[in-house]
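Each remark here refers to the structure printed beneath this line.
Naming follows writing order (A, B, C and D), and every chain is counted from residue 1.
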Amino acid sequence: MNWNTAVYIVMNPLFALVLSPLVLGLIKTVKARIQGRPGPPVLQQYYQLRKLFHKEIVYSEDSSFIVRLGPYLGIAFMLTASLFVPMVFIPQTGWFGNIILFFYLMITAKFFMVLGGLDAGSTFGGMGSSREMTVSSIIEPVTIMSCAALAFVLKTTSIPEMFRTLLAGSIFSYPTLILVGISLFIILIVESARVPVDNPETHLELTMIHEAMILEQSGPKLALVELASGVRQTVLMALLINVTFPWGLAGLAGCASLLLAAVTMAVKMLILAATVGLFESLLAKIRFFRLPDFFMIALFLSFITIVFELLR
Amino acid sequence: MDFPEFSSGIEDKEAVVQSLFWVGGALCLVATILPLVLLFRPSRLLRQAALWVLLAGTGAISAAAILVISRSLDLHLTLLSITPQLALSFRLDKLSCFFVVIIGAVSFCAVIYSMTYIAHYKSERSKQFLASGLAFFILAMLLVVASSTTFGFLFFWELMSLSSFFLVMFDLDKPETQKAGIFYFSMTQMGTIFLLASFLLLYRFTGSFDISAASNIPQWGKGLVFVSLFIGFGTKAGIIPFHKWLPYAHSASPSNVSALMSGVMLKVPIYGLVRFIIDVFRPDLWWGIVLLFFGSITALLGIIYAFKEHDLKKMLAYCSIENLGVIVVGLGLYVIFDFYGLRVQADLCIYGALFHTLNHALFKSSLFMTAGSVVQATGTRDIEQMGGLIKRMPGTGAIFLVGACAIAALPPLNGFASEIMIFQAYLTSFSLGRPILEILLMAGLAALALTSTLAAACFAKAFGIIFLARPRSGAASAAKEAPFAQLLAPGILAALCVGFGVFSYQLISNVKSGMPLPDMLPIGIIVLVLTGVTFLLLLLTRSPVRKTETWGCGIPSQTGKMEYSGDGFSEPIVTVFKPVFRTRKLSTREFYDKYNSIPKSSSGEIGTLKFFEERLYVPIARFFMKIAGAVSNLHNVDMDALILYSFIAVVLVILGVGWWL
Amino acid sequence: MQTVLPVVYAALPLVLILIFWALGRHGLGQDNRFLNLFVILQTALFLVATTWAFAAFKLPLGFLHGDYFYIDSLSLYEILVTSMVFLLAAVYSRGYVSSLVEAGELDGSILRLFYGFFCLLEMVTVLAFASNNLALLWIFAELSTLFSSALIVTLKARENIVAALKYVFVASTAMLFSFIGIIILFAVSKTAINGGSLNWTSLFDAAHNMDPRLFFLAFSFLFLGFAAKAGVAPFHTWVPTAYIRAPSAVAVVSGTVLNLGLYAVLRLYAIGYAAGAGINLRLFLFIFGLFGIAVAGFSMLKRTNTKKIIAFSGVESAGLLLIAFGLASATALYWALFYVLGYSLVKSLLFFSAGIFHRQYQSNKYFAARQALKLQPLASWGLILGSAAAAGTPLFPIFLAKWNILAVLGEVSAGMLGATLFFLLPAVIGLGYYFIRLFRQEPGGEIKAFRTPLSMKLPIIVCLTSILLLGLWVPGGLDNTLGRIVASLGF
Amino acid sequence: MMNTGITGDLIEVLFVLILGTAAFVITQRALRSLFTLYTIQSVILAAIAVVLFAEHRTVSLLFIALLTLVIKGFVIPAFLRRTLVVLPSKRDIEFSYLTPASSILLSAVLLFIVYTSFSNVAEVLFSDRLFFLGGVIGVSLALMGMMVIFSRKKVVSKIVGYLTMENGVLLFGLFIAEMPFIIEVLIVIDLFMLIVLSTIMAFGIDSSIEAFHKKLTQLGMRFED
């Protein structure tokens, strides 16, 4: 393992970790502004985390080691997954980056969250877990199809390779990527539990999915869970950004270029976050059982991409 | 037996393998007979001795097979020539030994498991039968895959079917056994008939019973043999629509047997498919498409059915159907890619399918064993009656969790390690250049993706409902941890699941280098390190910990009844897949008067439509029974009619002969 | 030395009949164990003589100038099978008939008659196999109908009379057509042999001079009767009724009568094949064989009576054997003959076990058999393994035979193979379906176990052991004999 | 050679008579007349044998005629009549599957079928047309006997049907080939035993077991002796 990789391994997750509360905060702010409220400060999420880290942990008497272990595993798998999407620069070695493994690592993180939701025996947790699993099951074909579309367009299954290819060309050489981009955007919405799929703001029984599932988590454990969701969102956003607009990504690691790339990425990320916030504000929550229709759009687009690519 | 140094010549190794193989087989046979020796005075000692002998036997055979694989040997052995053409001959090459290892290793663990599991049956005599039947079943399976002739293959295949049939019928007291038995027997026999047909067709074209002799066959014959083989093997492997026996049989049989049936016996038809379709023949494109199509359907429907099931063992059985579907998808893709010369993808698929075969054997038998312990501890198979078991059976629960993660294809465990190979092949199929076929492949890909996350959902539910939260019944709260042997056996398998997952890249590279696969080892290390680091960091916060009741919206003391149930958990997905779970409503009303205005009685029933059973199996069975009824009625007559039959036959013969002359 | 055979085969039973007659109605004449001893003696002597003939004599043997009696390998093989089955049945009767007498189902005064017919049946069956003359064979076959129906009537029930009458009428009306066939064959033989002949040997030697068309005509008439004896559909109708009414020991020995019919068909087919009528005859046999398998298979799906399902299994194997004969191949014939041996043992095993069940439950219906595995373990396993064997499971001889016969069939015609397999399936499933239901009965209350005497267990054990042996090992002597038979029939 | 001359005409007349008796056997309801018809049929058969003897001078034909006359003309009918004593009903009025009229029609069809079936091999198998006709009538007679068996209810009438079949076979034998005499004898003996047995059993059908045994005693037949 050379220094390039070492830097990457440390830096990429850290970048996601640090940036994710900001992204979350920005989305909230954007939404608040559109609703005509001042909204919380952009940095509110950081305060939130600090507060949580100082609170006590409350466990249910009925819970087992699962609920205790879940958050660790969740964040660990999430951060591992974040290694797969270069956010600042593209490393040279290639043992990570497989797009399928990337998505499955995220599922693994989710799997332990779901078990955590079931552990306490609370009805809320059960309901949240059940819905989370449902949504993630039916979005999976879309996800894999988008992966396939990416692979078909860029002729590789490694995410860093994809980015490298993209950097070498221009968006005009891969027009179909716009379609994939829309798919990825939908996946992003779904995976980060946003309107119209989920409503992160409420704990109402009718709408809640993700938030209900983590209801029994508390204190630092909740912070870990929140962080993990944040990282998930950030990483997916990074993927979307780099697929549709990779420029600014550093090909090689040098101190200056790294800094530049990091800033560029952060800016792009914030723009996307604002878009997400806007998007969320424009749409109403979809009924739970209408979700498959919504996902079908993404599936269709990925499929169209593949067909396009095949006929080209 | 003395072991010559492995460094010596190849002949010595062959001799070692040979003697290990024979000794192992003989030990299994001894283990079959031993418990039955004193049938009328059953002795525990003999039974345990038999199990130890069986353990040694499976161990020896596995060792032989591993030796063959590691040294790339190719041995031909003959046990017995009934006549010169009908020999029970064996061929130990890499492929067959791969399956021998699977069977041997899983059986090894199953035998360990049985040591204490068998003890919970009441009747002494039935315990002896179970031990003996187990040994015979294992021996038969081992010899099927080792057979080098179609004759031997079918010979041991039938023995395998028969012995497993007896094992399924073992719990004769249970009413559902009859249904399971009838389904299993009929379907198995149907499968055997198709296999028989294809073997005999092969003989017609090649004039030989040798498996590897099937080279120059006319095209139509090849197709016919393929279809017949596919139905034959598909029936045994539980390929939808030939799957219906599987959930019944697996849930009715003792758990050590279901572990073997699901973990191992289902792999035997896979061996057959691989051997015949890929090793012996040069497959056509449409074979691949057929395999892919049925594999995808099987995988998807299998897991959807599994998800709805709340009988623990039935759920696992449906899940086996799903996994077998995945394996068949791999084989189908291999055929397609191989046909178009995409070497890398083809290799990915075939090795992926084989690896998944191994992996499924490991995690599924581990799951069945732990499930068996759970069923034994709670006395029910209904997961709605369970709950909270992880605190009562922590070992079992932990092992089940590993198995569940593996089967849910979560990295870095082995289930994912093999599924990714197939995904990888799908995703890199862009160089195929056949748009229509490609679109078909993408449909398959979507189905496979759905399958694998549904599996995750399914096992999240299974683990959550069985082991987490509060007990939902008295039996569950009184459950006790299983004895050591029943933890050891699935524990070994679970450890292998982790090992084969984390070291999958290294393992595969050993067999075939240059596969475009991710290395799971660093992933595993990173996850471990990150977990550790987070754990340590969190320790630093030194947050106080408090234990309290689960929040229940203000309800003071919640009971197990208020928890989210298994059916509740699966409800959303069931709703999404409404077309699959069609409900059947039956209502009948009777009236006193002919104008249907004064109701007399009415009855109604709503249930899930068991589509394949009610729309496919039952109509066919009914059709056959109708014919059978008609034919039987022809016999329930007086003498006049019998003479009339003879008379008609005589007149017809006279007519026919006159016409012929 | 050779004269020992006619002495044993023909004189011994007649002497026994005289002894029985002399014993009178009282005392020893009503003592089952005493009478049974004689029968065991006779059947054992038959078996010893036959085995000895195999070992010591150079076949073929001719008696009365070889015109009327003539024993070659095939005959001796069939005689061996027959006498084996009879010996087993005789031993079995020792306990079985006692139990019948105790239960009042068999009158003590009829015992002498019963055993007398038993001995006579063995005599005529063996003599039929030993006949060189077709007409003589016909007579003995008729007599065997007579004696076995007489054995059926010995049980005191009206249904037995009905069953016996069905047997007599179905079999003998068909046999009359056989006689027409004999007449035609005689006429045909006149074209080839000076003065005509009905001797197997002469017919076989002169076969190539016969007109194949005429032989076909003769064969088709001859077939009708022997098909009825062999239980070939649609002349099989007497088989199920006769078998369920007959006492198990009688049902077992009636099985040899089925072999008799098949034996005659085989001989005739061999001649026809030599005469060049092979193709026509093959079609003929295929049609009847397939029809038989189909009828039997579908009938087996709906059975509720143990003995009846065994009977239909016999009909099914008759169909399969016809197909095997029709193949006219050395391999198929070899295994068909092997099948005859194996199936005789399997069927005996099944009937012996069913007999114990009948003594236990006083019924042959499956739903009567409660707690069977507990009360009668040996008979239960006899039925289980026997039905597995009959269904053609490996480890048992029928699997080997079926495999080979079907392999040859596949070579001849793939379509025919498919059709046969299709119709074999319901038969196998029928067996399984029946026995699964039988052994999965609700246990019910306490049932008094029938104490099975050793004499009833012994034949079951012998049958089981021998079929397990034959399933894995074709003894050298058997292999030789079968090979010789096949060669002697000209295939 | 026999088509000309008186023997040929005579035989043709006898054929017609045989067919006539067969038709009556099919339709006759009174058991006693049924037996008489059978006797007549057997006597005609013997007559045919005698006529053939007159032409061919084969001694075995004479023996056959004699045997037929004795066994079928006297012994069997006598035995049957004796059984009639103990039968509760002396008439067999039920018919199954076929009414008498349709039976007659069917017989005609059968005759035609057998005729066409055999016509292909007639030249080879039969020495001339008359013999061919005899053979055809023989087989048809056998089939008609079978019709009697399945269309009549009483076992006794079934036995007559069987006997008719046997006559048909014999007729066929007379016209196709000269059989070794010993065989004929054996067949007749067999026939006799078969008839005795089935007659004995026939009583069992209509009565209880005790009554059956009693009736057997009346007839002087007991199983025991």
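Note that a residue touches a chain if its C-beta (ideal position, glycine included) is under 8 Å from a C-beta of that chain, and two chains touch if they have at least 3 such contacts.
All figures in this text were calculated on a predicted structure; none of them were measured in a lab.
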Maximum centroid distance from subunit D, chain identifier (CA atoms): A
Chain nearest the overall Cα centroid: B
Distance from the mean Cα position of subunit D to that of subunit B, given in whole angstrom: 68
Chain centre separation (subunit B, subunit C; CA means) in Å: 43
Centre-to-centre distance between subunit D and subunit A (centres being mean Cα positions), rounded to whole Å: 99
Intercentroid distance (Cα basis), subunit C paired with subunit A, Å: 78
Subunit C: positions in contact with at least two other chains: 162, 165, 169, 173, 177, 213, 217
Junction residues of subunit D, two or more chains touched: 121, 139, 146, 149, 158
Residues on subunit B engaged by subunit D in the complex (per definition of touch): 639-641, 643-644, 646-647, 650-651, 654-655, 657-659, 661
Touch list for subunit C against partner subunit B, complex: 162, 165-166, 169-170, 173-174, 177, 213, 216-217, 220, 223-224, 228, 234-235, 237-238, 240, 280, 295, 298-303, 373, 388, 391, 393-395, 399-400, 403-404, 406-407, 409-411, 414, 417-418, 421-422, 424-426, 428-430, 432-433, 436-437, 439-440, 443, 472-474, 479
Partner subunit B, residues of subunit A touching it in the complex: 9, 53-66, 71-73, 75-77, 79-80, 83, 95-101, 104-105, 107-108, 111, 114-115, 118-127, 129-131, 133-134, 136-138, 140-141, 143-145, 147-148, 151-152, 155, 157, 215-216, 219-221, 224, 288-289, 292, 299, 303, 306-307, 309-311
List of subunit C residues in touch with subunit D within their complex: 25, 109-110, 112-113, 135-136, 139, 142-143, 145-146, 149-150, 153, 156-158, 161-162, 164-165, 168-169, 172-173, 176-177, 179-180, 183-184, 186-188, 190-191, 196, 198, 211, 213-214, 217
Of subunit D, residues touching subunit C in the complex: 121, 124-125, 138-139, 142, 146, 149, 155, 158, 162, 165-166, 168-169, 172-173, 176-177, 179-180, 183, 186-187, 190, 193-194, 197-198, 201-202, 204-205, 208-209, 223-224
